[in-house]
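Got a structure for you, written out below as structure tokens; questions coming shortly.
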């Protein structure tokens, strides 16, 4: 393993640096501008994201095809996988900022640090996506968590928001604490913090009998508590509905997409390089464990979503369910055939792209309706087809895609996942997943029903700005096209872990 | 090229319609009519120019689509599909005309969805790539859901979601089976969705696809998927609700085309691709050997008796079509040329006849605003032309010789008898009961004293007659000269029977 | 003292922390529980780096230091949020903060 | 030439109907539909005569492939032999006359044009049935005539009784047809074809000896198939037990009764059975013979006690049809066909005559008052699929209102008298005598030849029926035309019908004399149909018989005198001196004597009863009360089925008891009621509980699960943490075990 030492690492660390710099700049600018002009701050942060994106591309192009660099003595690693996630997270942040600009619930006075925090959390997620050392894993996780707590509780004078923050932090602190305990155990077993080294050490010590499978099982379960809480997988999901409901909608959207994606990045990298060796996996039957977790996650998510009447909460549960679908790809990590493992990872990557567009799009509609109708309840969507046909149409597309109906991206995402799972001979899991998508039809259809089959009390139509529709189309078009274009499939394979 | 054009013209039409202003309804209707007429013309061209002498697919286009999974945009037609494509294309404009007046709200969205639906149906019948096939199959779901749910009757929401859930459930099983087929079609890299290729692979000795056990469960997966659409007995309950709630034109499409998608799938996939599977379920040995024929029998008798029990005109027709699809299943179960030909012919005929019936029910409903059979009476005096056409449709539907309904039924039964004597004889009960409920309805609605409520019920008008005449003509022509349709697919049927390795069974 | 002793102690700490988090009816005590958990982890790390790894490898101790830092940060945020909670709910009993449910 | 002639024959009436239908779509009518249809029929008639002279010395099918699958072809085509031609002439002739008659009879009816269009359609279907050379074609025509009869019986559909009668007719015959179809399926399964003639036609196949030797079950299979196909005939020709629709069918206009329900359609069953004669095995023949015999007797006895003039004729038709079936069953199928032809003429004449009487009593406009009248009486009843026909007799058809009409309407009286003499079998100068004699002789001959008890019994039935026929026919004449008018004002209203109605009567009357036939036939045209036979064992016995019949067919019908016939037989049989021939000769002579005697007795009795009033029918009725009740209640068929139904649907028994249901009403009603009550409930149960139920249950369970999980989400953070810890512990515990 060749490690870059700190100074030469900086060149490859430029995106993160850019983010930090702009975070600082945002705070400063916020002090200068008048309150009402705080959009400027937002635009500055957008600029920052733009620069970061450029930086990512530059760094990525600077390292050759499927070559990778271990920065800071192997603390973090820059590879296609990391790059992909960085881009995804960055776009998510950008979308969140745009949402926030349109969202009326966010208080104008506080926007300065709000954007700074968003940049900070993005930074933390970048680290999550690329850290290869226990220390970095913990630090990045905590960075993201702490900032998210604050963002979730950002609506002062809103009890729901504060409650969300309180639950979030309590839950998160315990979960990350538990995870840290697990990490310490791993460290103890292998005597190193480097994932790759752990990957080499574990089988040896296991073979030598210095550690029992029970020890490893305990350690992994503790660590799962931390990761599972980030990707909201059963039984570590319970915070998410409450937090999603309480938090400001843009943040909910951000959490449901970005922090889930980051969580999956961490999950994949940790198990791939830390436990990539199949003997260890087999020894504790990690495959079955993950399979059961994923099955439970999607089932419970979908079932709990059925009775919901608050669209935000409903989407929260639905995102839990989608976490379950994604986890099916993770199950394949335990497969002995590296080809199938890669299929699983690329399936997750592809699904995340799809999920990014359809879920963010849905949340954007929720923002818009919350502004216009002032309600997050399904009732607020009644007669939307006549009050705002275009928005209703867009929502219909997002929902259809979330259900997984063909020609919408969601179907192809599921298709890729299920194909991979079935190739891994997990027919039962695929079947559970498919039945779940049938169940999910029901609650998504309730929104469709409200929008199209029912009529509102007052029928005056909503008016939206051109920008709104432009932003909406940014999500609609990919939701329609991604599945139909081969390029995305090949890309998703390109960015898997080596 | 011609084929692709035909498939995607309605889609283009949808875009055009969406661009039109919402207010100019007449324009929208005309445009939609135009964009449904073009496929009809093209379909007729295909029908004429189709080379009847070969069983092979014609007009096929194969363009790589998703190389990662080796999915191609592969379409083509053989005798079977071209027949159904013609049916679909024919029903398109008819339905547009049928919706001309009785769709009050959101005509724009309605027409747009309808065009989307038509693309889905046309594509489904032309698809030769399993994945494409599935995509088109599902593509019809969403428009249908909205068309029933938005423009339907009082319980439309229930009906729509029921339809959606049932079909989605079926297609989910289909999806698993499909992926299984794909994964077993070869080593990574040379896996394929190409239906003709898969058919040959499934036929080759020792190939993973040819393994009987595998074929049987995959067969089941696909079968349930299609059975929901047909609908075959335990999965049928969505049909009456959907029909009763759906607007006339949509009922027409539902009965005329969507049900055929189920049976078409059975022929195209289950019978052609899984000879072992179909053999297991129709070899006449033991319970499983008779199961398919048994389902057909149950459909016939159960559907007919349910129809007899109905007092809602539309529900009656809906159940009657459950009964008639039973004949299709029975004929397919026979697996011999007579039976399969009869089944396919019955598919087409039922498409035409049930379309007629639903249109007629719609005509009556638009005037009287109810469908209670006992609420009418003596209309024969008031609206003689309507009565005449209805009588024609009824007679065709109850299988009166000389009209198309008879030929399909007769051939199916003749074919099935060679293999399942008892079940076939029992199925003939359906013929009598069919006559019973149709004649009874005829009497309660048209004969006897004129119900004074309807003293001034207006006679069927020119537009409605226009929608009915082509179907009526088709009914008579196919009754007198069925070979006109049969010659289209007789070669394909022969090929199919060879694939299934069964020749004309004889006692 | 051998490694085991440290491990046992840290395990006890961890359990106490979890116990506190689960049972205390006061947000502050919950925070203390969390601190206990984190510190048990730090103890583990230090112990492991002392007994398991060669002396020149101090990764564990570094991690412990970071852990302390992060614990402090977390405490700060936690307290701030508790303040907000108190303002909104007039109480910091965790079981009274349950408007979001179902 | 032949084909083109047949095409013309078929297309003319079809065109007449098509014009009506097409114009109808445009809401218009052809100015004179009646002339159009009549003209079409007359053209067809002429062509049939041309065909007769054209008729090919060797009968052969002219076919085209209708449906051709890989290995199987269904061909459609014509088959011409003397039988076909005779049928063609009978149908076209009677049809033309009925057309002409209807111009007068139906005059002023609101749906006047439609009536003729229907008649044309019927004629087409009937002719198609007659000429087609394969079972499928026959079946097609078969169902089409059924449709037409449905339309025409229900022509005055405002009358509920008519509406019910037409539905009943269609359904009843449909039941038989299904049997026929199953029979076809059996044949198809065995022969892979449905065409009868030609190289691989069924008849050709069964005649070659390999067929029988090929598989032993062959004969059995054929017997079943034969009986099943005969079921079709039972339905159409109103044989017991499916006869009940024919009397109800009298709800239709009288010309329709004459054409469809006397002369042609109901005879189609006989025609079919005759056509299928080659595949009839001895056992199936016996079944047919018995059904025929019983029908003949039962119907005749019922006819005695009817008062509705049309009902009397209807039952007499049923009984005559039974005769024909009996003949075919007994192997002398030519006698059957022969009786078919003669009967067609005189029975049509009788119906038209009665029509003329009714018309006389009843100006057209009155119809509508009456329609409205009983329209009010029974409104729809949704509970019964078929209404029991109202048992009340329309006043203008009740013979008790008639009497003494012979002076009022001499022509009608004269012609009807001729027909009556003919049907009663008054010897030598009336055609009916000859045909009936052939049947009796045939049956007796068979009996003596095989000296089988069965055939003696059958002969007895036939003879008795013959006597009864004579009795009730003259009863009709006496009650209608003789004696004093019983209903004076109706009597005053009566008048002789216009010439358009009288002329057809005359023509038919002339046709009831065999001698006159001689000039439009000459015997050289007569082909003796060659009948292949599968009864290998009895071939020797059956062979000559068919030849004799073949000869007699010509002789009696075409008025060739006995002597000619005799010497013809002679030269034909000198080849092989076959005593079967002499047996039959003897049998025929005995039968002739007997039939004359019973006819005489019948006529005498009815003269004493109804003219001289030497005995009163009432007193006899009282003395033989049980028998009388039996007849009056039509052998309690209705009550029987009624009982069955009550058993079937107990809680509905009172409803059913209210109407006197006849067979099919009952069954259909039963089905309907069962469907309504049990089955609807069953559907309600099955569809909604079981099928939907399962689905709904699943849905509910899912939903409930959702609720549960929701409840776990208490909102208290510490429960969440409990779950976390619990989860961890659980995972560790479970996977430690693994």
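In order of appearance the chains are A, B, C and D, and numbering begins at 1 in each one.
Throughout what follows, a contact is a pair of C-beta atoms (placed from the backbone, for glycine too) under 8 Å apart; a residue touches a chain by one contact, two chains touch by 3 or more.
Small disclaimer: the values here were computed from a predicted structure and weren't measured.
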| item | value |
| --- | --- |
| Most distant chain from subunit A, judged by the mean position of its C-alpha atoms | D |
| Of B-D and A-D, pair with higher C-beta contact tally | B-D |
| Gap in Å, rounded to a whole number, between the CA centres of subunit D and subunit A | 80 |
| Euclidean distance of C-alpha centroids - subunit B vs subunit D, Å | 38 |
| Euclidean distance of C-alpha centroids - subunit A vs subunit C, Å | 26 |
| Separation of subunit A from subunit B, taking each centre as the mean of its C-alpha atoms, in whole Å | 44 |
| Multi-chain contact residues (two or more partners), subunit A | 166-167, 170, 174, 178, 241-242, 307 |
| Numbers and ranges of subunit D residues touching at least 2 other chains | 710, 713, 715, 717, 721 |
| Sequence positions of subunit C contacting 2 or more other chains | 18, 21, 94, 97-102 |
| Pairs of chains found to touch, sorted by chain label | A-B, A-C, A-D, B-D, C-D |
| In the complex, subunit A residues that touch subunit B | 339, 385, 400, 405-407, 411, 415, 418-419, 422-423, 427, 430-431, 434-435, 437-438, 441-442, 445, 448-449, 452-453, 484, 486, 489-490, 493 |
| Footprint of subunit B on subunit D - complex, ascending | 21, 24-25, 27, 65-72, 136, 139-144, 147, 150, 154, 157-158, 160, 163-164, 167, 170-171, 174-175, 178, 181-182, 184-186, 188-190, 192, 375, 379-380, 382, 385, 668, 671-672, 675-676, 679-680, 683, 687-688, 691-692, 695 |
| Residue numbers on subunit B that touch subunit A, as the complex places them | 64-69, 106, 109, 134-135, 138-139, 141-142, 145-146, 149-150, 156-157, 160-161, 164-165, 168-169, 172-173, 175-176, 179-180, 182-183, 188 |
| Residue ranges of subunit A in contact with subunit C within the complex | 134-135, 138-139, 142, 146, 149-150, 153, 156-160, 162-167, 169-170, 173-174, 177-178, 180-181, 183-185, 187-188, 191-193, 241-242, 245-246, 307-308, 313 |
| Touch list for subunit C against partner subunit A, complex | 14, 17-18, 21, 27, 30, 34, 37-38, 40-41, 44-45, 47-49, 52-53, 57, 59-60, 62-63, 66-67, 70, 73-74, 77-78, 80-82, 84-85, 87-89, 94, 97-102 |
